[in-house]
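Chain lettering (A, B and C) follows the sequence in which the chains are written, and residue indices restart at 1 in each chain.
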């Protein structure tokens, strides 16, 4: 087992563990923390695959901006104490079973694919670098990129309108 | 109009027109107009038929195709008429007798309300139309239209006085019993179509197409056709509708019994004679059923007290004779007897109608008697009719019956002996009827006696014409042993039956035997007539019958037997299906579906909880399902 | 690494996200679970893009569109979060709860 594989497994365990923490913890703040850890683990995976740009963006946008937003909201509303009422026990069990079924079915579907033997390029290859992605973004994908800025603008206006009193 | 055969379609079309005019105008037309139109169209048809007859006699046989009636795949059934010797004779009988009955009806039905009067004539014309269609059709399908048409018209006319429940029941009985036979006819038709692909007579009755049928198939087809004929022509086991058909007005009985309807079965078998000649086993069955019906009906007629019932059973009996003739291969004799029977049976029925008219609707002959004093013409014509049907030498019935008996003798002496017995019974009950009705002293109420009168001319003239025909009608078929080459009818019909003659074994009894047979039957019949006359004119049997007489009076309890064996179980089955299967199962299923949907939707409503969580759960489960299905499908 | 490791990991994260959405009633946690699912997909996309780059290595940019898709997903997710959180705040202001069981107005 070389260092890459070792890192892969460590990151995987962290990602899954913290993901479970999101779902299971009663306190929303812990959930947020678990999600942040998960994002970091995923970013670690990106780095392992030499997708440097996405790794950084992931941390900045998700772990930075979005999660801070979440925390803000939770703390603003003072929800950390608000333990949710677990009225419908069996609906939760059914939900868990349904989710696991989905997982099993998808894994089972994977078993018969040809693609699973293909290898993923680890550590090398420069498509994940800022330079090459940036060139792509501003040549081939320039129109979607500009449109996404419009999307942001509308999201901004939308959240202001919704959040406004009355 | 070079040739009348080109306008032959007017023969059935005129009665149809009459039916439409009378039927639609029954409320606005006066009785005189209705009677004039109703009788006039039949007279016109009769004149055309007469013309056609002479054309056919001159050797012109005609087939006319008017339009394609059924065109399905390879099956092409044209609407076509065929005029040949056989149909020409029937045309004359139907329109001739039919015309007399129409004229008679104008007087007989005069007490009806105008709209019923119009309705009556519309039905009567439709009846004649259907019968004409039946005999003119050039294929089995057109024949079947007429076949069903007469069934319908008999239903309408038997139930003419539909307000009386038992009359409607009699109409239903006639219709349903006919339907049983029709089913067999229809199946025979289907077999013909499936085996030969055609129903046209001229195509079926050729050696080439008959060769395609195996002996078994021919037996099956002929048997089914014969069952169809038993329904229409009132033979065992489907005869009980005919006596009940007396519920209709008397002229209708005359029409059914003499000119139309019951002779349809005979016509059909005579038309398909080649087919029947190829199936000797069917011929045997026909002969046996024929003689059995003849004897059964004759014994029943011995003890009936209703004047029309006696005549009805005598019709069944005479029809039995005709089937005996057909079964013996004596086709000409059957046709001959149809003709003479049409004359004297129409005469007898119209005569009885005249009597009933005079008696103010009374039909029980125990309450009559001595009518000869009051109704001279009716009495005389009725006597002539009785002599004719009894088979007194010189009258028409003698010739035709003698020919049938000769044919039966050729087939088997046993059949001859039974046939002779039937003839004696016929003579006996007819003169019992005559003597009880017209001789002795009057036994009705004083009021009725006062009312007794001779019927008007519209009734007596047809009686006189029919009486003349009944007397002389037999001379078209003087048998070979009496005068050589005098059997005009046989010569005329020879083209129709010649192929059958080639098939059937010929038993030519020598002339002395035939003289002997004719002499024997004549002597016995005359003796029977004298016994019956003397016995019943002095002392009519008024006492309630006992022993065997009671059985006969109750018609051998055949109606009761049918009632128990067929009608009641069917009714039970019907009420079971109606009350249990329909209400519980069918209705239950229908209501159950409704209730299930309502229940299901009420339960399903909870799925729409409005809770996002449950929607998502559904979505996930759906995804899983899709994956699983796809997973299994791929393998 | 073989691709199926990444696929399985992504599926696992995704399934955890689904279970979270199904079982939790707290709107914010549900929302976070959705983010988790998006990230699982992102991870998968990156893994596939790298796999394509290895198998079709002739072109230098082969597989880079996969990573650009991830980028756009992040853009959309950021917009979505801003609107979504605004809605949750709004809801809390109205019903004083963020239990999604109160969000059954769809029924009416």
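Assume a residue touches a chain if its C-beta (ideal position, glycine included) is under 8 Å from a C-beta of that chain, and two chains touch if they have at least 3 such contacts.
Computed from a predicted structure; not experimentally measured.
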item	value
Farthest chain relative to subunit A (centres taken as mean CA coordinates)	B
Chain pair showing more contacts of the two, B-C and A-C	A-C
Averaged-CA centre spacing for the pair subunit B and subunit A, given as whole angstrom	95
Distance from subunit C to subunit B - Cα centre to Cα centre, in angstrom	90
Mean-CA-position distance for subunit C and subunit A (Å)	6
Contacts with 2+ other chains: residues of subunit C	18, 21-22, 25, 101
Residue numbers of subunit A (touch at least two other chains)	91, 94-95, 98-99, 102, 106
Two or more partner chains touched - positions in subunit B	613, 617, 620
Subunit C residues within the subunit B interface of the complex	18, 21-22, 25, 100-101, 103-108
Touching residues on subunit A, where the partner in the complex is subunit B	91, 94-95, 98-99, 101-102, 105-106, 108-109, 112
Residue ranges of subunit A in contact with subunit C within the complex	4-5, 8, 12, 15-16, 19-20, 22-23, 28, 31-32, 35, 38-39, 42, 45-46, 49-51, 53-54, 57-58, 61-62, 65-66, 69-70, 73-74, 76-77, 79, 82, 84-87, 91-92, 94-96, 98-100, 102-103, 106-107, 110, 115-122, 125-128, 132-133, 136-137, 140-141, 144, 148, 151-152, 154-156, 158-160, 162-163, 165
Subunit C residues touching subunit A - in the complex, by the definition given at the top	1-9, 11-26, 28-29, 31-33, 35-36, 39, 42-43, 46-47, 49-51, 53-55, 60-65, 67-68, 70-72, 74-83, 85-90, 92-93, 98-99, 101
List of subunit B residues in touch with subunit A within their complex	613-614, 617, 620-621, 623-624, 627-628, 630-631, 634
